[in-house]
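Provided herewith is a single structure, encoded as structure tokens, for subsequent inquiry.
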Amino acid sequence: MTHNLDLNSVEELAHTRVHDCYQCGKCSAGCPVVERMDILPNQLLRLLQLGRLEKAMAAGAIWECVSCMTCTTRCPKSVDCAGILDALRQLSIEHDVASPAQRRTILFQQTFLDNIRRNGRLAELDLVRKFKTQGFLDDLSVPQLFKDALLGPQMLRRGKLHLRSRRVKDRKLVGRIFARCMADNGRGNGHGGIQGELEA
Amino acid sequence: MPRIGVFTCWCGENIARNVDVQSVSEQAAQLPGVRCSQTCKYMCSDPGQKLIRDTIAAEQLDGVVIASCSPHMHLKTFRKAAAQAGLNPYLIEMANIREHCSWVHPDKARATAKAVDLIRMAAAKVRHNRALEPIKVPVTRKALVVGGGVAGIQAALDLADAGIPVALVEREPSIGGKMAGLSETFPTLDCSQCILTPRMVEVAQHPNITLYTCSEVEQVEGYVGNFQVTIRKRARYIDIDKCTGCGQCWNVCPSKKTPSEFDYGMGNRTAIYVPFPQAVPARPVIDRDACLRLTKGRCGLCAKKCQAGAIRFEDQDELVREDVGAVIVATGYQLYEIGRRGEQDRLSGYGEYGYGQYPDVISSLQFERLLSASGPTGGELRRPSDGTIPKTVVFISCVGSRDNAKGMSYCSKICCMVNAKHTMLYKHKVHDGQAHVFYMDIRAGGKNYDEFVRRAIEQDGAHYHRGRVSKITQEDGRLIVRGVDTLAGEPLTIVADLVVLASAMRPAAGVEELAQKVNVGYDEFGFLCESHPKLRPVETNAAGVFVCGACHGPKDIPESVAQASAAAGKVLLMFSRDQLHREPEIAHIQESHCAGCFACRRGCPYHAIDAAEIRDRQGLLVRRVARVNPGLCMGCGTCVALCPSKSADLEGFSEQQVYAMVECLR
Amino acid sequence: MNAHAAETSSNGFEPKIVAYVCNWCTYLGADLAGTNRLEYPTNVRIVRLPCTGRIDFNLIVKAFEIGADAVVVSGCHPGDCHYTSGNYHARRRWMLFRELLATLGIDTDRVHFAWISAAEGKKFQQVISEITAKTREMGPYRAYREICEA
Amino acid sequence: MEIGYYPGCALHGSSNDYEMSVRACLSTLGVHLRELDDWICCGATAAHSLNRKLAVALPARNLGLAERDGMDELLAPCPMCSAQLMKARCVLAEDQAFRSEISEIVELKVRGTTRVCNLIQIFQRVGYESIQKIAVQRLEGFRPACYYGCLLTRPPGVVQFDDCEHPSSMETLLKGLGAGPVEWNYKTECCGAGMTMSNESTVLELGHRILSNAAAHGANCMVVACPMCHVNLDMKQSAINQRYSAAHDMVVYYLSDLVGLALGISPDALGIPRHFVVRK
């Protein structure tokens, strides 16, 4: 498939204008996870202004973002910086450029969506199980797997985990909604991703 | 039958090369109403003008068409010639057969044909021209200056020194404006009060200046040269003439807890007070909301102490009328309210910086007071919360300014310089202190300005970080400033003792109401609009009303003063004649047809249209119609285009004239 | 005889173009085209008005009524108006004009709005040349004349 | 008062204690919750990170259901859900073409007429004073740090709730019920909600900062109105302690817990014993 690797795709996805940004840095200044980022949010915006979409998409920073909206809320130019990061994540997956270190986050989000797609609502136990096995198979943070698993029983004991979750009546409908959203490729989810990888 | 003369010019070869002048002239002679048709090598030369004058006289012409160059070139010349021959100068029309014809159309046959057309149009138009007389407006040679900041003071003194009586209206109890409260001023760092207070005293003593303090403009009527202004003098409760300014009264006043306006709330004052020691007039005022006598009916200590018997608790507001020929608006600015969002405010506050929440987050004007020898700390730099000397101070640029999300897109222009000044003055007072500035761009575009900023960085060691601050919080009495240095590409947290916000300049409160009273336009932020940003920078669209200082846009002192002198100069120019002469090519309204819809009034860029009342013999109101104020109309014709009943028309470009021009092309 | 008629008979179709221009920008722009000897077709007849604010809808209709094949309306650039906001009013009205013209059955492609400043002699030349060429292409505007005469 | 109710996955899953608390509390206040029939997940962070259209379609389906069932207003106690629903509503209101496209996608006509509100807004609707009047117990001794997290007030243009930098609606409510909420600095700092599973180290770091600041400002408990905040601050507290060798012992209540206690509802009925950190 062809990817339209231009700024428009980011702006269209994020519904915001990259050239409105005047590089004040307020987004970076307020970001709670900025210390973990390899490229600061304002620098990502700058890269986009320069047309360096590839570099921005491959940044680890976009997977550190916790979508807290602080940047968007305080931006003096009303640039939806958080939306830009969302868009970059989506494009990064479409173009398969995320670094291996980021795959865990992607994996989680994909697993999450897949879970909803199949159940209509989140089946948490299912999600945790799937996520952990996938994570394990990809050999990521093995110790983490065990640590979280330990919480499982505690949650069960507190009645916080249900072995069976209540499902939606027309689960096919949710599948159809997903299919339609994913359909228009560029703006949906292309290869791999939610359907491909996990359905197997 | 009209008697029109056509004069076609050769302009040497300029016209004749591409236009067959002789043929044109002959064809012109055939046009309806044309009595005679002549040519001349150089129509604007003395012989050319003589030809015109003589022919007008000999043929008793009542309309003249001159086919030559652009009217922008010689219309005035030919009008003068016509006047000399006794013909009303407005009965002249020009056909531009040079710029619009011979010079752009090398094909001689076509150019000649077009020249004839152009003359045909001019001849058709001139048949409907009317004799007009220049409009003469008498002038009251007295000026009103609104606002007594440095701009208003300068304008008032310039005018007064030139012999013009001036009424200076200031809302506060003293003149001086913001500058009176500044510490030292960039780019020279001279003491603000040292240079301003002598000027304030001059105002007080000038025989040509009537000073109204605690006063505001209530109403403005009339038009250029003839304004009738009503001024509301608010009750001061002091007889200024009796009072000697001895100070007995405020020393005994028990009501001491009102935050001082002059110190921006960082100190308190009494209920009877002078705003600051150098105030002009150097007389106290009673704050009616704080005075125990005026609110609760008890106390009166001040009056007991006053030996001059100057205190008048029964004082009332007073309305005074002044007749003036010109108005200068110099109402200055206020700083952006940087605290939480106000209920009604269109602008959205600055909650993330905690102004109004943390006492050590202050505005730039407050910092000026902390630096000032006459300030609440006597010039020692002590922070508001606990009076300690701040060792780390963070200055933040563009607070409110250039922040579209908060509602202001413009640059406040002065704050980059103010920040540099502040870091310097701070360093001069606290030698072991460190100043940090967060900035986006450094705008220091005046004479010696950039050098000034560099000095702050290079000599006084201020740390400049390019980036905005996102949030300020307080921990253990210190301020955590979370910013970024975009040049280093790193987030940056500074633990500061004091944060100074260089907040945006906004026009003074109430300026919109004032602008409406004098018919001056203002932009979306409330800054007053000049007539033309380059060529008429102190004039406004309301004839006879001028602007200067920060009410027109963010400005520093040198610029405010320059503009004030310019405004005074414009007023003097206006007053240099006993009467104003205005072009008579203005609009008029046929009142019998006017439907009173006032579409014209809404469209008129000069607010030149008033509502007039038509009354019958018994004085009963029959209807309201539009009426053009000849003192204000500039002749743009917008009203003509807007009038649905075709009651408005424009001299010189009347409906008849314009339609005749088009019709003859049929 | 009317000059236009002469041109038409000598050399195929020569459109008649009426231009309403403001005194302070476009008229001076045309003057500058002259000073710089920038050649353009002879078809345009300029009607000088103080401001584009003076132009109303009827004037445009009038031009078509007397047989114009195209009408040009040109004034100062937005924000540069000699009268500060006269052309602002004009601009807002022009939007409306188009609709009204269309309702009257006038071909709005024959009405051209432009901003030409006093410094834009070159632009004046271009605009007039292009409009003339375009109008030539479109051919004589009979439709409206026929309506009027009917 | 009857109001539409969108529990969202969290309240039906691991945060069922929150649902217990909300339901108990609101029924005492006479607010009847009518659960949205056959609702689906709002998509949460994952959807807007991965597919913008999906991020609108999922909540839009729910909005459509609410409209179909004639609900004027929908309570979504989870701020993630309410933010997603509100965002979708804004986007749909702006863009007519997109609205029809989405309607087709979700097989339901969506106009976006149903208003969406959070839990605090319901309390405001009931009226702080009325709540005070029927309260039977003063919340003496509670010095909570009220934690709004990132999504209750942001983005301000969309959610239009409270002051996005210095919110105070929870404080006002609790103060009226006798508690002594503290002023502190992390009211709106994010806890990393969406990263709970995927990027634990971020979540622990953010949680540690928040707990530390609350404690430093004298809080003896925290109050949240978000299931994810609760997970990150309560369930993960021991992991935080482990990671940072800290000794946080901060009870984290849902807002409805404290209001419920003031109304005299038993801790059991509010699901308080299900929390990980409990007051000894």
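Chains here go by letter, A, B, C and D, matching the order in which they are written, and residues are numbered from 1 within each.
Throughout what follows, contacts are C-beta pairs under 8 Å (C-beta built on N, C-alpha and C of every residue); 3 or more make two chains touch, one makes a residue touch a chain.
This is a predicted model, so every value here is computed, not measured.
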B-D or B-C - the one linked by more C-beta pairs in contact: B-C
Rounded Å distance, chain B centre to chain C centre (Cα mean): 36
Gap in Å, rounded to a whole number, between the CA centres of chain B and chain A: 54
Centre-of-Cα separation between chain C and chain A, whole angstrom: 57
Chain D: positions in contact with at least two other chains: 164
Contacts with 2+ other chains: residues of chain B: 352, 471
Numbers and ranges of chain A residues touching at least 2 other chains: 70
Arrangement of touching chains [line / ring / star / complete / other]: other
Residue ranges of chain A touching chain D (in the complex, touch as defined): 13, 15, 32-33, 36, 63-64, 66-70, 72-73, 86-87, 89-90, 93, 104-105, 107-110, 112-113, 116, 120-122, 124, 127-128, 131, 144, 147-148, 151, 154-155, 158-162, 165-166, 168-170, 173-174, 176-178, 180-182, 184, 187-189, 193-194
Complex contacts: residues of chain D adjacent to chain B: 163-166, 185, 216
Partner chain A, residues of chain B touching it in the complex: 352, 402-406, 440, 466-471, 482-486, 489-492
Complex interface listing, chain B residues touching chain D: 340-341, 351-352, 354, 357, 471, 473-475, 480
Residue numbers on chain B that touch chain C, as the complex places them: 70-72, 96, 98-101, 103-107, 110-111, 113-114, 116-118, 121, 521, 529, 531-532, 541, 585, 603, 605-606, 634-638, 640-642, 650, 652-653, 658-659, 661-663, 665-666
